């Protein structure tokens, strides 16, 4: 279980607070999850299903690559002009009757939101699924303030009722199967029928009746935002169930929390992202519901609208020229679904609300790395660099390259007082590999072990890490360069 | 210094500190025009139907009252105040007026709503509402469990970019693609959660 | 054509037969193979593990070695998608990180003339039928870096299809990673072995006698798993199959002799 971090003091840009760091390093957390047979089955089934569907949804558009390029270019442009776009967004939202708030980190955002809810006199809020509020631990904070936050997205509700943590960006309860969900509902959902079955339809209907009353009586809603258009002040929430529409329409007060990187230069840009997002996330041509609103519309929807703009480590990420592309993420979760590592270990192993490949580059950048024992220091290594994430990313974030850059940053930060075994090995290898003759002599040492024609099943540490799971082939009696030298001698030709 | 000013200063520092060239203008080489010679109403109807919404096509306005009455048979029906009678004929309906808007609880007691739509998008099978004439406020098309949405064939555009270009961002906009759905349980799609569980799209012409 | 062979450190040290096969193939096609004696490694292990400062001299050494070779050669070929991927996508980037623009430029020039084996054969030499013979059932694993870094597409498979008497069997889930990932296999050994288990199961399901790929590193990983589980399936590099002819057939790798000790399953070892 993760706990929200306390605020850390930093001389430069503020680091993030909230659920962005686990307590275990990735290899250990992953090893634990790998033994959970139920989890493995649930994940394999879910990611396998969505992968095939996504490929189909994407193949339907012959301009998919052009859309990806445009999506990437728009985000790059937005990051380069972020200050002016944020100021413009503030002006356009304000002009339409909204109120804009700024929060440097999760602690400040939670305080602002609490005060806004208090001012309405409400002690209960309905929530639309929002990564930003997950990130800052808003629900947990509100609970300590005596305010009840009710998650209305089905998966978020499953997580909330199960006293669990989300493990996927789009489907936070992806690690649960129908039977587990039925049990959670039977135990924790007020009014759930005792004989509730495990058909997904039946479970969804149980959630519908439980939440209906909440929607109809809620006075305050808290949402995230998928996009915000700076030129018009328009906010966008993309969803499927209609819980978003309920929250964005029925309560009198709407509080939207949005990372500062979500701003788009123009309303027109939605034409790109409303094509990229649904096909990448739920593999649909279009998600069932998209709500776009601009400030307050008299007589229609919330009459009080607050927009909380959240930094929480984002300016820190922005300061890294290569790593800042992580901020282009539109939270579609396609990279999670195609990742062979995520598929096997699930989201909890990453410790952060942002799991999978994007989490492996985003979380450590948001929090900063405090040292080699920081669990987030292990995230950039939680990948084979197979590149499936880059291919699936609708905004072309080159996740493998950023992972490698972050590894370089970590090594260069030199978090260790003494060089470790790996440092020594790398130094020795580099020494040998900068001279052909030295290298040749080193690898010729393999001859010493070449008597063993059957290869190796057990070797001493550190090679044992390899031979625990795989055999090692027999070593050749002569390296290729030795064989080549022999041949040149025989034939007398040179090169 | 306010948080606003500090964040903006931090952002300026973050992007200004690097020797980087400003990105060029965004190239929009994706399709922004019609994919077919004329916006394809058939394709729109097919795509809508694939979401398990039901599509009905009539030739003229005169066919509407009978169709709508049939679709709403046995239901309590609400319409926006400005929906013309030519759509509903003599159907007995509740009217949602600006002077006396129905409360959420009242809406919850009504089973069906009949409205116009603003646009249809053929590429995605999407109906767009923008609270314009005959569409009513957002709650109206959300709380009742059955939504009948009437579109003229000439309101169908081909692509998402064409739809976005036609919309006025200042209005509250809802894009609807089929009835509400969830894939949250084992990524298995279940239709009908909180939004209307039944969606009928009527295309005139 | 005079072609410089970048054997790769792994083939040089552990899989000399792969480097030999590469040379044999080029010579059979009428080209002259040159093996620069001073070559070592592309530096990928350093770079992918984050040791860029250590990797920089390795990169420089590679660039200098093959820049010199290219004075008298038309192209560089390596029997590895991963190593060519590093040359093409990482070398200039590393040089740029240390503000060595001159090295970045030279690295880009060398990279521009460096090809993975199937690229060289199909794109540069314009052949898909290399006159090979291999009469055994084979399944081909396309490897991540060949697929997604170099985008070699179906070139290796086109080459294999043209091999006489080969029985090429499609590998299920071919595009998913085998779990090697360089130091990933050590740092995240549990996850790596879980991925390997699935890959081995996929290979076994084909009924092939040989699993082939264009990268010795992935083959070392998959082969290690196949051998540990006594599947009786061997591995051969793409170059070895393409170099095989009726006159000089490449032998199917023998399954390892039965061990005296009880077999240890992955994870069951101490």
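For clarity, chains are labelled A, B and C in written order, and residue numbers in each chain start from 1.
Following the convention adopted for this analysis, contacts are C-beta pairs under 8 Å (C-beta built on N, C-alpha and C of every residue); 3 or more make two chains touch, one makes a residue touch a chain.
Treat the numbers as computed from the prediction; the structure is a model and nothing was measured.
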| item | value |
| --- | --- |
| Graph class of chain-chain contacts, one of line, ring, star, complete, other | line |
| Chain closest to the middle, measuring from C-alpha centroids that were averaged per chain | A |
| Chain separated most widely from subunit B, comparing mean CA positions | C |
| Distance between chain centroids, defined by C-alpha means - subunit A, subunit B (Å) | 30 |
| Distance from the mean Cα position of subunit C to that of subunit B, given in whole angstrom | 53 |
| Subunit A-subunit C separation of Cα centroids, rounded to whole Å | 32 |
| Sites on subunit B at which at least two other chains make contact | none |
| Residue list for subunit A, restricted to those that touch at least two other chains | none |
| Residues of subunit A that touch subunit C when the two form their complex | 26-27, 30-31, 34, 340-341, 344-345, 378, 380-388, 390-391, 401, 404, 406-412, 422, 426-427, 429-430, 432-437, 439, 443, 446, 454-455, 457-458, 462, 465-473, 475-476, 478-481, 483-485, 495 |
| Subunit A partner contacts - residues on subunit B that touch it in the complex | 2-4, 6-8, 10-15, 17-18, 20, 22-24, 26-32, 47, 51, 98, 101, 104-105, 108, 121, 123-126, 131, 137-139, 142-143, 160-161, 163-165, 167, 169-188, 190, 192-196 |
| Complex contact set, residues of subunit A against subunit B | 13-14, 42, 45-46, 49-50, 63, 66-67, 69-70, 73-74, 76-77, 79-80, 82-83, 86-87, 90, 96, 102-104, 108, 152-155, 158, 171, 173-174, 177-178, 181, 200-201, 203-204, 207-208, 211-212, 215-216, 229, 232-234, 240-243, 245-246, 249-250, 260, 267-268, 270-272, 274-275, 282, 284-294, 297, 299-301, 309, 311, 315-316, 318-319, 321, 324 |
| Residues of subunit C defined as touching subunit A within the complex | 7, 9, 11-17, 19-20, 34-41, 43, 45-55, 57-58, 60-61, 65, 89-90, 93, 97, 144-145, 147-149, 175-177, 179-196, 220-221, 223-225, 227-228, 256-257, 259, 261, 264, 266-267, 269 |
